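The same chain A turns up in both complexes below, where it pairs with chain B and then with chain C.
Showing the complex of A and B:
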């Protein structure tokens, strides 16, 4: 047995790892690097939307810094910070009442980091736009796309989706999408020529088309709007392949303008006598309740059409009960793990009807940052309170000694 | 540094994984049809909102040039040559793909010269092509095209880029000729306009819609995308200025003092606006009955009233004597929509007919029509929903004309089918106007001149066909004839003092297909937008 595997040696390695990870120097380096990352991300927002910056700098393994150099992205850095805090602030620190404040404060910071990770991993955010008297049980993503395979089954609609995140390879290659983990669907489909922003064109309109032409049309690539990511309209080509029958090809495009124009027309194909629809759409989620807009109210600044204040009177319909709620700026509706914010409004140019736009978020760690602030505050109060007490006692002792 | 720290740093800088080439569909979710409303079996055009290209271009052929029939199959959407010089060729090619660099390399290659760098391209002299800032390129030497070498040739090429599409006006010929006609070429380039229902000039920037049409993530909101119009040839289109309430903007060519613009949905109510308009001419407002008795003119699919004012026009603190204003207004829910035309009195009077025609041609968006055959031909601004995009006068209440089985169309509600007619799609409206689809031999020019003659209008030349406005009628390039005059129809004996003829005609499969709308001028004018949409909606019956 080598020395390394002896208990004493293993213990030494463990202490060495703890010492390295929990070193104050490592923590300072990480915090300094985080500062650089934040600075680089801030500068990047000159040309990039906040969403893209968040994805590229803080929710990534690597991030572009300066002068073409790449460094670690937010994910590994935050993970390292978490580890360092665990090692340095929890495991290495002596657990006695004198260090209670430090321990509690570190727990609070860890909770804050954990809240960030849970949000990154499990939260969703989207929008719904409603005219008065309209209701919805869905909301859609601002930025994310998905492909949905749909089957109409009487009055039911059966659908399976694959997120665009999993189709990244289709930008400059292809991705084969299987028909479910257990092969539930009798076909698979190939996704290729994924474009983040494009528009369909009839093939007759131009020459030298470099994109595939399907049914006399092709997708014309457009520059991706990096500053307003939500205005981009994705498109892609798909090829459905089944065990028998020919390969069926189509162009999919995700255009819509809610609440006036919905992307509701899937490409329809048939496999083994069954009809299926395939569509590219903004990622869609279900609400656990129905949201109905009863009235939209807007007050303008005097003599102008500029809104001074606007709010929405909605009814939350759930389990046969109607709950009237007023949603306005900084006064969201929080229900069933969802937060519904009043974000904007618009007007239908055809009939001047107003519609209200709500941002809807679902974040399991929504309240964690608030709790972590309390925990950190308690920790700091304990620590500095103890220090203050010690100082006062020392002063008192000094004064007693002097006497 | 300890080995642990080094290994952690290596981990730190590890790159992300390569994207996977395999994915799986997620678990099945079952929803009700109410939760997920779907439109099944939409055509590709309906699904992808594709409209067949209906681009039309007009230009003013300069002195020394002659216009030739376009050859779109050879990418010559407009075509000219120097008069009597068949070695010269000048043509518009709209929207060639492949990107600018590849095209520049090709042009230089035709003269066996190395291409330019991107910065050198940017440094070329500026010129505007179809409303987009572009550049002018001059090359000379041995010109090689279609395998043929020509010494002593020159090329003038105006180009502009819209996304990855390059629009060019190319003029080639013997060096001396090209040099002599350089100024004329530049004037020609400046005169080219994209016109016609359903076409907007190429946009230089991406202007897509987001998931919502709200103030920050708005739909395609360029004014030219919200409204379209058939610009009269004597009017030149100017960039809209919605911040100054000019949602569409024109002026009379060569008359910079004139201004004509569409303003949609101004608040304040009709009375306050009328007070303002009359106030601009220092006049008091007449009785409501007088106003109501003014001429009715179509605007954005609604019947509007025409105001005519003359005198000293005061606007923006500047008084102008001898001015006139023609103004068509409609009002809905206290929102006033106007088309206003101001300028020197004689200029405004001279262009009154064009102004009225322009008013009738304005439509909201690139409207949708449905046929019984399909629900396609949809390309509309994001702000318009399919079912409501059509102006009110053209409801998508489709029906076939009983006696016209070969064609179907979307027919306005207030048009009445003509019983027992042998003509296809034969309808009447108003107090004596009628519209029908007919087919003749394929001599377009001869027939156009017969129709013109029936209203006392002089004949036109073949070259004039190229510059006539175009409309879609079973294809993208039917000419649109809009004339007024005294009707004396030699075939039917019909007579009418104040007649208007709207006619769309194009040769389809060797046959001249036309849609003719004839009647009292005011009635026909009020139906102009509906006429254009009717023509666009016509399909051969399945």
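Showing the complex of A and C:
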């Protein structure tokens, strides 16, 4: 048996690992680095959207800092902070009355970090836009796209989706979809020339076009809006290849499935006598209930155009029951693990009909930060309160001594 | 050394108070008002309730913020230039007097050097002929001079408005600012302009109805019912010769009424507050007058306003008083008067200004003397009481603002100055009570004076009503009272910790009480205490902000710039306390860290707004950027002085030093 595997040695290694990870000096270094990372992420928002900054700085393994230097990103830093907190702030701290405040505060911070991780890993966030009297059971992502293959199967409609992550290679090359997970389809399709922001244009012989032309049209690349990523409209080219029959080509453009237009018209093609639809759309999720916008009301401050309040009167339709709810600023609807917030509104200039935009989130750790806030507050109050009392007593004693 | 510092500071204070500026000259030929306004008239007009930007406020408040925004000063100063070569006559107008001139002497007001233009490229961009300017760093332009360039200004502003956030250049911002300044002025002008008009009446029908060939707006509306009927009648047969210019006048009135609907509301509606919140503008009265359903009370108010603006100058004061009484009575019936009266009083008392002059500045001088005579209990008492008086005035100011708005203490950036002043000075004074070492007592008036002065500067340069209505997302007294208040407690504690840390560094560098180790240790403890207090409140405030964001925007944390700023404070303070506990830093490192954390607090408090990105994008201003740069530079400079001073060799203590080491106040 090697010395390292002996119980005493193992315990000693364990202790030294614990001591290193739980060292307060390590914690200081991590905190200082985190400060620099946050600062870099803040400054980066001058040129980049908050979403991109979040992905590149705080939900990444490495992050660009300053002067072309890269360093660890938010994921390893938060993980290290968590480990250091567990080892140093909870396990190594002496569990006695004097340290109660520190222990409680550290546990609150652990809960907060855990909430962040659960949100990062398991939460989804999107939106749905509804005109008055319209309803929806779906909501869509702000930034993420997917390809949906739709198949009419008798009376039912079957959908298969391919997320944009799987199509990453289509920016500069070709991605073949079919076989494997999608093997049940009697065809495969090739995705290429993926553009993050573009618009279709009719092809003209007078313009030198670098993009492929399909049915007399092509996708014109547009500059990607880095500061408002949600306004970009993605597009791509697809080629459907079946065992028999010709290759069928098409242009897919995300604008056609914009939620405001409700014009979810896929490109329809036929393979082996069966009709299929293919569409590029924002990543879509289903709500466990149907949301219907009954009325939208905007109230301005008197004599001004400044909004005082905007409220959406909605009906939640679930299991044959209708539940009227008012969603307004700072008062979201929380139901079945989903939270529906009032985020924007607008008016169709043609018919003056109002529409309301709801942000919808599903986050299992939705309430954890609030709990952690209470725990941290109690912990810090206990700790610093005890220190302050001690200081005041010492001062009083000193003054009494001087007398 | 202590005496040198005290005398140096005293000299600087005296030097700063003795600055004067050259006044812009205006041709006396444009002068139409020769006498000053009676103070009683100014007071009446200043307290007249009006509705503007969604809230009822005294007319004086509207005038003040309009002047701040357009002119960048609290008063309007210029000199009447005598064409015959006589001495120029200096004039200083208060904001209400300026407003009275707009109402009653519009041509004269148009000639005032009003619009402050800090970026002279703006003038070139709009084609304004510069004459070299009379100031070093900015120019004042009158409305009359700007008028020929008005179209070009609109064009330039339209172009600049297409650029957003960081894409906006300094010139774009300056052009947009000038365009907004002109709009504000024109809004005031537009509210009174129709009173100065005489409508020419053409055609038999009109001349028969009014019995003359020119009428004022009020005369027109006094027979509005008949006039309205005439407009309807001739609209069907516009070619009828008898119509004269009925349709043209009717058209002008309609378009004026429409343009004024969201402007200054002078007339409280007859209905209850619940039934009708909006006060009526002059334009709003036109349609009901032409339909014969304008209530007599509102017609009477309109007549008073007309008499006040264009009547016989001798009668204008009684007319303003009559209008004031009528409006106040109507507002009182609707339950809207009490808060207006309170607000008029608030601006009249100007408690934070009193805090500066009665409290903090005298306390500062007492503190200077106290460092010269460290054993004086009287001076200590004076400094303490005066600082406490200053803090009380600021607290009183905040309480009044809360009562007027029925809101928690902080709803905008301006409020943060007052709140942080009060919290910071109270923390410093409480620290002094616990630990009588003069250091916290010295910091209280310095902190209070600086922040009140900054608040006043910000109020003028921002030029936005500091009690304006809230956006829908901010309209939550619960979150304003919890998150916003707590995070600002954290800012205050962070700033105070930075000052304590800086004080410790300077005391060491300048060898102040260098043998009194207990004093130095106590300053470190104060820094530690303030940092710990700051960490507690910053962490809780930041998380509460996340909880609010979760309710409003659907996510707890979005790495928004303001959120990041708050997080950076928490990180800096937590790192500092852990570094201290782990022994990585001792007194010196801890105080350097605390002093630098002040820069992090300033970054979060103000600088993130300057980035012009994110969901908390508000309060951008060029001058704020300059002030921040000065703060960062001074803080870094002071830390550098502290570091270098510590590294220099120490001389043997002199007799003077020996005396100063006894500086701690006797406890008995």
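We take it that the second predicted complex is superposed on the first by the 320 of 403 C-alpha atoms of A that agree within 3 Å, B and C clash if a C-alpha of one lies under 4 Å from a C-alpha of the other, contacts with A are read in each partner's own complex, and residues count from 1 in each chain.
To be clear about the criterion, a residue touches a chain if its C-beta (ideal position, glycine included) is under 8 Å from a C-beta of that chain, and two chains touch if they have at least 3 such contacts.
Note that the structure is a prediction, hence the values are computed from the model and not measured.
**Student:** With both complexes superposed on chain A, which partner does A:389 reach: first (chain B), second (chain C), both or neither?
**Tutor:** In the superposition, A:389 touches no partner, neither chain B nor chain C.
**Student:** Taking the superposition as given, does A:60 touch the first partner, chain B, the second, chain C, both, or neither?
**Tutor:** Touch status of A:60: first partner only.
**Student:** Can A:223 be said to touch chain B (first), chain C (second), both, or neither?
**Tutor:** In the superposition, A:223 contacts chain B only.
**Student:** Given the touch rule stated above, what does A:247 touch, chain B (first), chain C (second), both, or neither?
**Tutor:** So A:247 meets neither chain B nor chain C here.
**Student:** Spot which of chain B and chain C makes contact with more residues of chain A, would you?
**Tutor:** Result: the larger residue contact count on chain A belongs to B.
**Student:** With both complexes superposed on chain A, which partner does A:112 reach: first (chain B), second (chain C), both or neither?
**Tutor:** So A:112 only meets chain C here.
**Student:** Let me test your reading of the model: by the given contact rule, A:381 touches which partner, first (chain B), second (chain C), both or neither?
**Tutor:** second
**Student:** Which chain A residues are contacted by chain C in one complex and by chain B in the other?
**Tutor:** In chain A, residues 305, 343 are touched by chain B and also by chain C.
**Student:** Given the complex with chain C, which residues does chain A contribute to the contact?
**Tutor:** Residue list for chain A touching chain C: 23-25, 27-28, 31-32, 34-35, 38-39, 41-43, 45-47, 50, 53-54, 57-58, 112, 115-116, 119, 125, 227, 300-310, 329-332, 339, 341, 343, 359-361, 363, 366, 369-370, 372-373, 376-377, 380-381, 384, 387-388, 391-392, 395, 399, 402-403.
**Student:** Where on chain C does chain A make contact in their complex?
**Tutor:** So the residues of chain C touching chain A come out as 51-55, 165-166, 262-263, 265, 277-279, 281, 434-435, 469, 471-473, 475-476, 479, 525, 529, 532-533, 535-536, 539-540, 543-544, 546-548, 550-561, 564-565, 567-568, 571-572, 574-575, 578-579, 581-582, 584, 600, 608, 611-614, 666-668.
**Student:** Within the complex, which stretch of chain A touches chain B?
**Tutor:** Of all residues in chain A, those touching chain B are 16-17, 20-21, 26, 60-62, 71-72, 76-77, 80, 127, 129, 137-138, 140-142, 149-150, 152-153, 155-163, 166-169, 171, 173-181, 184-185, 197, 199-202, 204-210, 215-217, 220-223, 225, 228, 230-233, 251, 253, 255-262, 264-268, 275, 277, 282, 286, 305, 343-346, 348-352, 355, 357.
**Student:** Okay, in this complex, where on chain B does chain A touch?
**Tutor:** 2, 4-5, 8, 11-16, 18-33, 35-42, 44, 46-53, 75, 95-98, 163-165, 206, 208-219, 226, 264-265, 267, 333, 335, 364, 382-386, 388-389
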